[in-house]
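Two complexes follow with chain A in common, the first pairing it with chain B and the second with chain C.
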Partner chain A sequence: MVSVTRIVLQRLVLGLLTLFVVSIVIFIAVNMLPGDFAQAILGQGATPEAVEAIRRDLGLDQPPVIRYFQWLGRALQGDLGSSFAQANFANFTGTESGATTVAAQIAPRFANTMFLAGVTAAIAVPVSLVLGILAALYRNSAFDRVANIFTLSSISSPEFFLAYVLILFLAVLNPLLPSLSNIYSDMTLGQRVERTLLPALTLTLVVTAHMMRMTRAAIINLLASPYIEMARLKGLSPLRVIVHHALPNALAPIINVIALNLAYLITGVVVVEVVFVYPGIGQLFVDAVKIRDIPMVQACCLIFAAAYILLNFSADILSILSNPRLRHPK
Partner chain B sequence: MTRISRRGLLRSGAAAGVLAATGLPVLAQAKKGGRLRVGLNGANTSDSWDGRTHSDAFMVNCGQGAVFDCLTEVSASGELIGELAESWEASPDAKTWTFTLRQGVTFHNGKAFGADDVIASLNMHVAEGAKSAAQPIVSAVTEMKKLGTHQVQITLNAGNADFPFLMSDYHILMYPAGQIEEAIAKGIGTGLYEVVSFDPGVRFVGKRVAGHYKDGRAGWFDEIEIIAINDSSARTTALLTNQVDVINRIDFKTEPLLRANPKTMIFEVTGNQHNTFPMLMDVPPFDNLDVRLALKWSVDRQELVDKILQGHGRVGNDHPIGPANQYYADDLPQIEMDLDKAKFHLKQAGRDNLMVDLHVSNAAFNGAVDAAQLYQASAKGAGININVVREPADGYWSNVWLKKPWCASYYSGRATEDWMFATAYESGAPWNESHWEDARFNELMLMGRKELDSARRRTIYHEMQQILSERGSSVIPMYANYVDAASTALAHGENIGNNYQMDGSRIVERWWFA
Partner chain C sequence: MTQPLLKIRGLKIEGRSDETWTPIINGIDLDLNRGDVLGLIGESGAGKSTLGLAAMGFTRDGCRISAGSVEFDGIELVNASAAVKRALLGKRIAYVAQSAAASFNPAHRLIDQHTEGPVQHGVMSRAESEADGIELYRKLRLPNADDIGFRYPHQVSGGQLQRAMTAMAMSCRPDLIIFDEPTTALDVTTQIEVLAAIRDIVQQFDTAAVYITHDLAVVAQMADRIKVLLQGDEVEEADTRTMLSAPTEEYTKSLWAVRRFQRPAKPAIPADATPVVSVRGITAAYAATTVLHDISFDMYAGRTVAVVGESGSGKSTVARCITGLLPPKSGAIEFMGTALPADYRKRSKDQLRQIQMIYQMADTALNPRKTIGQIIGRPVEFYLGLKGAKRRARVEDLLNLIELEPKIYFDRLPSELSGGQKQRIGIARALAAEPQFIICDEVTSALDQLVAEGILKLLARLQDELGLTYMVITHDLATVRAIADEMVVMKDGRVVEQGGKEQMFAPPHHPYTDLLLSSVPEMDPDWLTCLLEERGVDNIGDAAVGKM
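So, the complex of A and B:
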């Protein structure tokens, strides 16, 4: 187990380094975009004086390198700053109390995103595992073909298209579910789940194919191994062979794919959020990029990057733990 | 309904009561009750109850439309009526205005409304260093005096006959004096609906207050819910699946489908919103009047209305005053596409052909790039070669507009002629997008500002529109309509306000469930 601890530490350090690099890349990228916050927020009202005033108030008149290190210094102390929009607003009205921090703005949105990801995962992961196992069990049968065609066509269609197809069938033609998924803090869990169901189903369609195909492929891969043959020769049922003998050994790649898809559910669902008016973090992020709100963009990107790093990292650890050969290296 | 001149009301607003009375028969069938659900765009996470920052449909409908009131109000038929002010009186030079306030009005927290509240609220915009979007319209205020508990006298540094009209602006909301910070945090106004919950950028829920001075003429719903839906397809879906009862700004492409649906109706008004192609008149070749005229005569305006606005608009006449303005000159000769005239003016300018760059981006208005290409095609016939330069949408207003000699732009229009002209046509104004400069025009602008007589003002503003149409430096090819959609379960009064979208942003006050 010593090696696992070492790997954990190593990966955590590497993860922090990655976050640091991500923050530099994002900062440079946002600064390279044409226009800045002052111009974006003022729009048609952008007189040179007004632009100058906002830049001065927000410290945008300083060179980017200095601004980056100021941000970094505060971020290292756990302060992600205030979004430009909020800071500008506070300047505008002259009230300091009105300014809320990036963290306070992101927190409820991030919770919503996690909720949607959770509901989706609760549906998508079992469904794709079961489908994958069944497809492996009845490989090359009509069931296998249909499952493959269905999941592959849904992953190949754009998300908004799937979303509208679901809206058409489940909200317009058969009004079973609400097409608006705006959830609020004072809703009961049941209402929330009901409102979240359509976007969750859309995302399920998007992520199922990947996980199901990987489950199927990983299991089939093992079916040619001698120990599976042995199990079959013992007279075990095909289902038992697959679930008890093949699946444990196929877990590593499956866990990896599940982790990737979970990360996608946290970071890549902005289109679905827009279609269903779901108040998640993706929408916030896109709005922030649009107005070049750098503190907000940085914070969102760090969350996205951290989600990928943590999920990949836990996938690796879980694969090691699920594989005795890796758990006890020579 | 007897037609009362809008301007006649200005000098003395006492007749406002008459108007309210004439409006009553229409509302006789209005019914109380129900929860109205509205889907609006223009919501942001940084939204608040501070009227100084309101700029988009969502907060204007929540603020002015539901929770707060102004001193005056533009009625659905376009007349100026009193809201929190009962009447107003001007000195002959239009410099001193006395507002008499409504008695017995209370804020949602129980505080009585009076003269102090008006002064404190106006001070939010007038005070030194106040950063308010309404600053240009109240910057002329030099003194505010309390004459009694319900009377305020406001002195301006120069006469402005439109002052009561400006008090209907959606930024200038009335807050309780001494509790302004709290009122901004919680949303405490005098409006028909008090705040139940407000989640910035997500939704607002309001409840009808028990007794209100507008009882009997507005405020029919028991509850209202305004939901932020920034995406236009999502708004349409929400209306079609009965998640909301009414939505704003529908996509022109889906308009026929909504119209065909028996459960939805479209309501559309032509207001002052217009698209422009400003030419910098101090930069060659646009310094030559004949060149400008050649360009004015070589655009097919009807084609732009048909193809860019898909019919949801009206041709413009190169002046920025629209049908929602009081002195809109609809009798001016309409400039149409006439290539012979264009050629003639080109010849007058001593040219056989003309080569100009037109800088556009869809940031200027939806379809601006296509509009420029149509312009290019039609002008070719007159020997004018328009080179359409497509600019990036990012930074368009900073890098292209006001900088390139010819570009595309838009204005949502202003409630009064003077305000519109002062914003974009007064010499020296920062947003004078075409560097417009004309001695007679400037003289008329100053005259109109001080003039209280309605007939004389009509003549003045008519001439100003004529000047811009005949020799102005902006091509203004079209007015874009406000197009919104609602469920057929809703009903509304005889008129729909055209000063802003959603029945002048007051749909939650004015409509009811049939």
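So, the complex of A and C:
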């Protein structure tokens, strides 16, 4: 029997390898974007000489392989490079502020994104688990159907539509929550949570369906097992049969779906950020793509990839740990 | 006359299949007094388990009780509310399932599952129940009774799990326990320990029991009375001794007769004969674990060699070496005197053709999406190169050979066949290659006795007609007695003893062979008692630990 530590180490190495491959893919993909920063920034005044000068300044005239390894080497030391756009801005104004590095730009935005993801997860994960367990308990009942229809229609609607519906009901008709979520660093935690609640609710509607339906399916899948029949024949209540006997054996698929949805919350929420004017990393990323700010785009992509890999890695480890055969070898 | 503990009257149960309700139990009466043990016997599909569960007021999904009454100690269970039933289940009526390995929750420790019933029903506190559980483990002669409960199910062997499940059923001191084939999945030597343990504890606590099984010899040891079921109807019921000595119904007699099928002995092997397949000093391993140690035996034309042993003894691994699926570390497989390449990938098509296999689970060995004609036609085309009408004609011949009408079965799917018919298709598929040598891996262990007998007779007939050589892997000595000529006994990856069947079944035996042979239940109701006396209680498996 392979020990748990060995499996964990294997997954860790595999995760790092994946991250390395992804970094190559990101670099190639970003370099294949049409147009370049020099042309985008100079616009009408893009004379060949000016373009050439800016390209030389930013090191864009180097061959791609060399640029990749320079970037990778610096990234490994924690230096994600300087934002083209900010560096340029600093040149124009003559000020040299600390905010020109990619890391300094991304850090507050990323913290905001994590905050939004955290608030959403704190609402969505318990709600979907409870709904999923109840749907399994009262399967094929009216409750099950209503829960299914509600979550499926919310996942099928565009995010911005859900966002506007929530704004209409919770901000316009009943002014309970602010419709704008522009948070600042000097706000208190309470204020931040209040501002973040509406986008978090929108995202909850988006991610609940997956997690709830997987919880329900994973539990129902086990209900025909002999040990569930045994639990029933011991005269246990239906809720105890499901929570105590089915759920612990259904954890692996549920954990995996939760991880995928959390990764989505970190990487895929730009639409919701735009609707609520929330200063997350998604907007920063889209802006950077628009003006071909290559270091910024690469850094964002790398963070997204790392988030996916890290969450899937944790899900893997947790599902392995949920298996008593591995936790308690013979 | 006191009221019976369990009283079933005119019980009818229906099962749902394709939008219609078909009867499973057609009106059964049953009485069980306190402290009595009733044996329910019948083939699969007879409705034994359904009836056993119905005695608990429980039906599986897709089944319903359509008429009749089930009265437990004066409480009507049919149409009783879920709460009424929950108050009885586990507390006053308990259940012991066929596969303890599947019926223990893999996520919780044994003792946690043991104490759950008493704690939830408010019979005992957790601490009391835990102490009681350990006491019960000791009474059931489980090794390391003090700490076996603190293990997870996967850390405990099948026979021990089955006893732990009996202990769990006892946890609330119920009035009635339903035993649903509790020893079917166990080896004969383990079966004895479990049977003895169950019988003791049921007697000790004067618990009434319904004991469901398809094995007559087992039920003879356990039950005071026996009820025979056939397709949802009662055939007859009588006390055990009457039932064994003087069954009145034809069906019961046929069940009794099954075990008597035996082939006449064959003439001795000529001294100069070359074995069809010869296993020469095979040592094999999975990864670092050596599972076979220097195995050697020969198999001669037209004869059957039975390889016998408990699960884990390496029987099936020998088959994997012969077919080349698992190249041995040392030693060789010879076919008609010439060594075969160890790896099946290096064998010629003709070498592959000569050695075929029939599997235990016909269900999983047949592709569910192919018709019977395709399943048998594939090896016909692959090995013999027959196509079109010739291929079809050959498949029809093969179907006739296994006594299935080609017109009816050619275009059917495996799911439309019964278990015995599927196993026949497995045989036909092996025959399609026109091999000289066939490995039968537990081919009858998933089948009912009557059906299994049919398969064994078919195998015997085919051997006589086609001169086939069989290697039969089995843990069932009745099968060996029925069709084998030679016998190889294996234990822990070694050959313990081998020789002609007559010689092997007659004393003196190697101690392990003796243990194996004497563990096969006999129809005599006093067999278990006598055997236990003979062996002495301490000798039963790992019973040495703990006091009685």
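As a working rule, the second predicted complex is superposed on the first by the 311 of 330 C-alpha atoms of A that agree within 3 Å, B and C clash if a C-alpha of one lies under 4 Å from a C-alpha of the other, contacts with A are read in each partner's own complex, and residues count from 1 in each chain.
Here, a residue touches a chain if its C-beta (ideal position, glycine included) is under 8 Å from a C-beta of that chain, and two chains touch if they have at least 3 such contacts.
These figures come from a predicted structure and were not determined experimentally.
Contact with chain C, but none with chain B, is seen for A:249 once the two complexes are overlaid on the shared chain. A simple residue count on chain A separates chain B from chain C, and the partner touching more is B. In the superposition on chain A, contact is made by A:33 with chain B only, not with chain C.
When the shared chain is aligned, chain C comes close enough to touch A:225, but chain B does not. By the touch criterion stated above, A:105 is placed in contact with chain B alone, chain C being left untouched. In the overlay built on the shared chain, the residue A:277 is in contact with chain B alone; chain C does not reach it.
In the superposition on chain A, contact of A:178 is made with chain B only, not with chain C. Residues common to the contacts of chain A with chain B and with chain C across the two structures: none. Chain A meets chain C in the complex at residues 224-227, 229-237, 240, 244-245, 248-249, 324-325, 328, 330. On the chain A side of its complex with chain B, the touching residues are 33-35, 39-40, 42-47, 51, 83, 85-86, 89, 91-95, 97-98, 105, 164, 167, 171-172, 175, 178-180, 182, 184-186, 274-277, 279, 284, 287. Across the complex, chain A is touched by residues 39, 44-46, 48, 50, 52-53, 129-131, 181, 184, 197, 199, 201-203, 227-231, 233-234, 237-238, 240-244, 392, 394-395, 397-399, 401, 409-410, 430-431 of chain B.
On the chain C side of its complex with chain A, the touching residues are 53, 56, 58, 60-61, 85-91, 94-95, 97, 99, 102-108, 116-117, 120-121, 151-152, 154-155.
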